[in-house]
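Below are two complexes that have chain A in common, paired first with chain B and then with chain C.
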Partner chain A sequence: MSSSTASAPGRGGTSPAPSSTPASATAPRAATVKGSRLAFWVFVTPFLVGLVLFTVVPIVWSTGLSFFEARGTLTPTRFVGLGNYTHFLTDDAFTNSLGTFFVYALFIVPVTMAVSLGLAVLVNGLPRFQAFYRSALFLPVACSYVVGSLVWKLALFSGLPSGVANSALGVFGIPPVSWLGSSPYWWIVLISVRLWLQVGFYVVLFLAGLQRIPPVLYEAAMLDGISAGFRRFRYITWPQLRPTVAAVLLLLLVAAFQAFDEFLNLVPTNPSTRPPLVYLYNVALGAQRDFGLGSAGALILTTIMVVVALLQTRFFGFSAAEDRNGTSRRRRGGVQA
Partner chain B sequence: MAPTSSRFSRRALLTGLGAGATTLALSACGSNDGGTGGGGNGGTSLSQWYHQYGEDGVQQAVTDWAKNYGAADVRVEWTLGDYASKLSSRLLSGSGVDVFENNGIDPASARKGLYADMSDVMDPIKDQYSEVALKPVTIDGKIWGIPMITDPQLLWYRPSMLEEAGVAVPTTFDELMQAGIELTGGNRKGFFVGNDGGAGVFSQAIAVAAGPELLNDDNTQVTFDTPDVVMGLTALQKAYGAGAMLTGAPTDFWDPTTFNAGLAAITWQGMWALPAMKKALGDDLGVMAVPPVGGSGKQAVLVSQWNEQVAAKASDVEAAKAMAKAQWVDDAEFQKTFAVGFGFHVPPKTATAEATTELQDGLAKQVVDLTNQWGYTAGPYWAPAMGTALTDAATRMLTNGADVASELAAAQKTCQQTLDSLAS
Partner chain C sequence: MSTAQLSRTAPRAAGTGRRQAARTGANAARYAAVTLVALLFLLPFYLMVKTAVSPTTDIAGQTFVLWPSDPDWSSFSRVLQDPTFPRALLNSAVMAVVLTGGQIALAAMAGYAMARIPNRAARPLFSATIVVLLIPAATTFLPNFLIVARLGWVDSLRGLIIPGLFSAFNVFLFRQFFLNFPRELEEAGRLDGLGYFGVFRRIVVPNTLAFASALTVLGFVGSWNAFLWPLVVAGGGSGAVTVQVYLSSFLTAQTFDYSGLFAAALLSLVPVLLVFLVLQRWLVRGVAETGMGGG
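After this line comes the complex of A and B, so read on.
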C-alpha cells in the first residue's frame, strides 16, 4: 500500500496541479479506502462494544429504572411513572445538595481560575527553570483525591491539638479548631485540598494558551508604549486567552459538579456539605440501594449539567460573540484577504 | 520487503491484541477472585463472604473452619473496603456468593428474593435466642439469617478523670451532659462520641433512653418526636456548644486509640474494643448504659449484630444452609472462639453466651448484664434512609445551632414517609 502510494505521480512534488492527477491514482486510492474501512472497524469495534455495553446500555437501563420502584433490584416490576422524579421536588436533602454545589462552585471555580492563571503567567515569564516549576506544579495532579483528602484530614487539618494547622495556631495562642466539625472551617479544608490537587492541571492549560500568543502582539504593544504590567495583560494576554479561559471555566464547572471523593472522605455525614453526587451515592449505591430513585436523580443532574454547559458555552464560550455574529468574522476575513 | 514486513507486523500486532483481549475476557469470566480456603471435600463448592474484621486472627480462624468442613468445599472471600456495596452487587448479579454475613438485612432485598428463607433452620431453635438477637433477622414473620455475634455499644469512662474533676458517675442524661462539660479542659474533652459530635449515636440513643424508641411495636409508626427527646437533644446541643465534644480525630469512635490516649474522659464504644482498652488503661476503665432522658426514660444500650445468610441464588441453597447451620448454630466452640478469641463480642445464642467464661466477670459481665436488661435494636424496618434523616437533623442542631423541635419534627415526617413506602 505504501509503495503504491509512494509511486503515485504528483506526491511530494512542488506543483499540486489537481487537473494533472492521473486516472491511475484512482485504483490505489480505492484500495486505501477499502483497507481503511477494515482497519477502522478493527480498531473501533472493541471501543464501540465497550461504549455500548458500559455506557449506552446502563444509560438506557437507568432511564427505565427511573420509572419503577427499584429498591434492591435491577429488574423491577412496579411502575411508578414520574413518582421518582417528583420525589426530588419535595426532598429537602436533594435541593440542599444543589445549594451545596452552588456555594462550592462559587468559591472553587473563580479561585482555581485566578490561582492557576496567576501561576501560569508567572511561570511563563520565567527566563529559566520553566520546566521545573511546570512539573512541580503539575505533580499533585497525579495524586489520588482519596490520598489527598486523608493527608488533609489526618495531618494538616486534624481537629487534635497536634494537627499541623492547629499547631500553627497554637504558636499564636489560638485554641485548636475542629476544622471538619464546624462551619465555615470545613470549606477551608474542602477548597484547599481540591485547589492543591487540580490547580497544576489548569496551569498547564493556561501555559499552553499563553505560549500560543504571537510575540508580535507584545512587540507591537511595546511600540505603542505598553511594555509590561497589568495593561499588557488586560489588552493583549487576556483577550488572546479567551478560548482557554472558556475551556477552563467549563472544565471547572463540570469538575465542581462531579465533586465526590474529598466530600465523602472528609465530611461523610454532614448534610451541610453534601454535594449532589454524594447524596445520589447514598440513595443508590449506599445502604439505601434505591436504584429507581438514584436513576431519576442521576438523570436530573445530567440534565442540569448539560443545560449549564450549553448556557456557559452560549454566553461565555469559545468566541461566543463572534460565533453569533458571522458578519463580523466574514468582514474580518475580507480585510485579511 | 519493507511494505510486506510492515503489513505482517500490523497483522501480527492485531492478532496479538485480539488473542490478548480474548484471554483477558476468558480469564475475567472465571470465578477466581482471590478467596482463600477450600478443603477439597465433597462435590459442592460454596463461596462464603466476610467483611474485613479489624482484629488479628479472625481471617485465619474462619479459613481454618472452612478447610475442616467436610460436607462441601468452602471458599472464604475476605472482602476489603466497602463490604455492603460489593455484597449487594453480587447478590443482584446472582453469582459468586453463596453464604455471607450481613449487618443490615433489609425488607426490600428479602421481598425481592435476594435472601434465602432461613426459617426452617431457625424456627425450631429460636427460643434459644433473645428477642433483641432475633429482631434484626425477622421480616414479614420469616427469619432470614442466623445471628452470629452481638455488639453492645455504650458509654465507657475513665474513673480517674471523673474523680480528679470531682464528677460523680452520671445517673441521668442531663447529669451526663453536664459531666462532659465539667470534664473538658486543656487538651482533654469531656466526650469522644464520634467525629460528628454524637449526632449519629446519641440521636438514636436519646430516643431510646427517653422511652419512645424509634418505631412502635408493629413497625408502622415513627415515634421519636416527643418532648423528652427534644429535651435530651437540647442538652446534647448545649454540651456541643460548650466545646465538650472531641471532633476531628484521625479515626472514629469505633477505634479506641483516641480514648486510650487520654484525649477524652467519656467515649462511645462497642464491646469489641474492650481488650484493647483494658490493655491500655488497666483498671482505669468504667462502663455505663446511656442514662435515662426525662421523667419516663430508661437506660439504653444500642445493639448491632452480624448475621449469617444464604443467597437465594446460591449454587446449592440447601448445602449452603447446612453449612451456615453447622458453623453458626451447631459449632458452639467455634462461636465462643469467634466471639472472644480476638475482639470481644457476645454470642447471640443464650446458652453459648452463658458458657463463655470470658464474659462471666468484670467489665465484660457488666456489659452483658446491661445488654440483657437494656439492650435495644431498631430492627430491619428502621431503614438506612431513616437513620440518615435523623442523623442529618441532629448534625444541623449541633453544627448550625438549628432549632431542635422543628428539626426533630421534620425528621420524623421524613422517616414516616420512608416507613410508609416500605410498607407499600
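After this line comes the complex of A and C, so read on.
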C-alpha cells in the first residue's frame, strides 16, 4: 500500500483514466461492469436529487420571482420585469454596503494574512512546544461568531468603564469610549473580533505550507550565506508559500464578502456598517420581507461572488485549486502511513 | 511534524559558541513574543469564565475586577433550568450530528462513483458539482428559504438540516481522494467475488475512515457554530432554535443577566471544545488539507 501511495503524487491528478487499468484486470472487470450502471446511479442519485431540489430548484424559482413583486408572500403578485434589479442596484443602501465591504476587506484581508503568516513563521521556528502554541492560537476557532461578538460587546469592548479596553485606556487617563457607538471605534471591534476568530485557522494552513518546504532549500541557502532572517523569508519561504498565499487570499476575500454574523450581533441597526449580506438579509427577511427584491439581490450577490472566484483562479493560474489537489494528494501518504 | 522540525534544526545547533548564544537569545525572544500572543488569544476565554461568575455590580461598576471576591457559579445551573436553553443545545446537537454524518455519507458515495465507477455521466456530473461549488451557500439563503417555506419546514429541524445535506465541496474532496485510492485493493476484492457495493462497504469505507474523520470534525464544528441559516429558518419561532440563535437573541435584545448569558456561552462551547481536545489531530489535518471551515 505504501508503495502505491508514494507513487500517487507523480500521477497526473486530472484524468480518472480508466484506460490505465492493467490488462490483467480485464477479466474480473468484465464481470463487474454488468452491475456498474446500477451501482453508479445508486451512489450518485441521493446527492443528485438533493442538489437539484435544494440548489437548482431554489435558484430557478428565485430567478423567476425576481421579475415579480412579492412582498411577504411566496406567490408573485405583479410582473415588474427588471424593476427589482434596477431598484436593488441603484439603492444607496446597496452601494454603501459595497463600500463597507471594500473598506472592511482592505483592513481584514491584509491584517489577517500578515498576522497569521507572521505567527506561523514564528511558531514554525520554535525548537520545542510547537504543538502547544499552535493549539493555543487555534482554540478561538472553536468559538462561533456569536460567542465572539458576545465577549467583544459585553466584556472586552463594553462601553462601560469596567470594560477591558476602557480600563486599559483609563490607565492613561483617557475617558471611556462607547466602542460600538461611533465611527472609527466600531471598526476596531469588528476587525479585532474576526481576527481573533479566524487567525488560528490560517496559522494552521500556513504551518502546513511551511512544513512542505523541502529542508534542502534552506540548507542550500545556508551554503550561499543566507542563514536566517528577512532574506531567507524573502528568497525561499515566500516564493515557496505562494500557492498557500493565493489560496488564503481567496478564502479571506470570500469570507469578508460574506461577513454577516458579527455585524448582525454587534451593530444590527447601524446603516453605516452594513456589508452586502446584512443588507440583503434586511431586504429579504427584515420588516418588509420583500422576496422579489431579495431574490434579485441574492442573484446579484451570487453573481459577484462567482465572478470574483473565477477571476481569482485565473489570476493565480488556478494555483488555489492546484494547491488543494497537491495537498490532498500528499495527504494520502500521511493518512495511510 | 515537530520531530521533522527538530531534526532539521539539530545539525545547525552544532555551530560555534557565539552563534549558539545568539540563537539562544533569538529563541528566547521568539518564545516571549509567541507566549504574549497566545495569552492575548486566551484572554477572551478568561473573560467568559470571569463574567459568568461575577455579580452584576462588578460588570456595571467603575473599575475592572480581575476576579470577583465572591465567585457565584449558580449562573450555570440557572441557565440550564431555563427550559429554552437545554432545548437549544439539543437542537444544535441533533443538527450538527445528522448534518455532518449525512453530508459525509452522501458525498463519499457520490465522490466514489464519479471517481471509480465507469459511466458516461461521471464527467458531466462532476462539472456540475464544480459549478455548484462556485455558488456560495451564504448568498443563496433566500432562494433556500423560499423552498423551505414552500415545503412548510420553517421553524423545524427538517428545515434546518435537510437543505444542507448536499455538499458539493465534500463531493469534490472525496472524488479527488478516491482518484488516488489504490486500485489494487478494489481489484483484490473483486477477485474475491465482491460487487461494487461489497467493495465499497468492505474495502473502500474502512480505508477512508481517516480522511472522513478530518472532514467530520470540521463539519461538526462548522454546523454547531452556524448562524445565518439557523437564524433564517428558526430565528422567528421557537421550534428549532439553535444555541447560536438563542445566544444572539439575548445579545441583540437588551439583557441584564450578564452572568447567565456568559454561562450559557461557555456551556455552548463544551461540545466543540471536547471535539477539539479529543480529535485535534484530525481537526488540524482537516484544516491543513482542505482549507475548509472558518467563518
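Keep this in mind: the second predicted complex is superposed on the first by the 273 of 337 C-alpha atoms of A that agree within 3 Å, B and C clash if a C-alpha of one lies under 4 Å from a C-alpha of the other, contacts with A are read in each partner's own complex, and residues count from 1 in each chain.
By definition in this document, a contact is a pair of C-beta atoms (placed from the backbone, for glycine too) under 8 Å apart; a residue touches a chain by one contact, two chains touch by 3 or more.
A quick note: this is a predicted structure, and the numbers were derived from the prediction, not measured.
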Checklist entry - Taking the superposition as given, does A:178 touch the first partner, chain B, the second, chain C, both, or neither? => result first
Checklist entry - In the superposed arrangement, which partner chain does A:305 touch: chain B (first), chain C (second), both, or neither? => result second
Checklist entry - When the two structures are overlaid on chain A, which partner does A:237 contact: first (chain B), second (chain C), both, or neither? => result neither
Checklist entry - Touching A:286 in the superposition: chain B (first), chain C (second), both, neither? => result first
Checklist entry - Regarding the shared-chain residue A:164, is it in contact with chain B (first), chain C (second), both, or neither? => result second
Checklist entry - So, does A:47 touch the first partner chain B, the second partner chain C, both, or neither? => result second
Next on the checklist: With both complexes overlaid on chain A, does A:154 touch chain B (first), chain C (second), both or neither?
Outcome noted: both
Checklist entry - What is the contact status of A:84 with respect to chain B (first) and chain C (second): first, second, both, or neither? => result neither
Checklist entry - Touching A:100, do we find chain B (first), chain C (second), both, or neither? => result neither
Checklist entry - More residues of chain A are touched by which partner: chain B or chain C? => result C
Checklist outcome for this item: Note: overlapping chain A surface for chain B and chain C spans 1, 42, 46, 74, 153-154, 158, 160-161, 163, 285
Next on the checklist: Looking at the complex, which residues from chain A come into contact with chain B?
Outcome noted: 1-3, 42, 46, 71-74, 92-93, 153-154, 157-161, 163, 176, 178-183, 269-272, 282-283, 285-290
Checklist outcome for this item: The chain B residues in contact with chain A across the complex are 3, 6-7, 14, 21, 84-85, 88, 92, 104, 106, 108-109, 112, 114, 187, 195-197, 199-200, 245-250, 263, 383-385, 388-389, 391-392, 395-396, 399-400, 410
Item to check | In the complex with chain A, residue positions of chain C that touch it | outcome: 1-2, 4-6, 8-9, 12, 26-27, 30-31, 33-35, 37-38, 41-45, 47-48, 50-51, 58-65, 106-107, 109-110, 112-119, 121-122, 125, 128-129, 132, 134-136, 138-147, 149-150, 162-163, 165-166, 168, 171, 173, 176-177, 179-180, 182-185, 187, 190-191, 195-197, 200, 207, 210-211, 221, 224-228, 231-232, 244, 247-248, 251-252, 258, 261-262, 265, 268-269, 272-273, 275-276, 280, 283-285, 287-291, 293-295
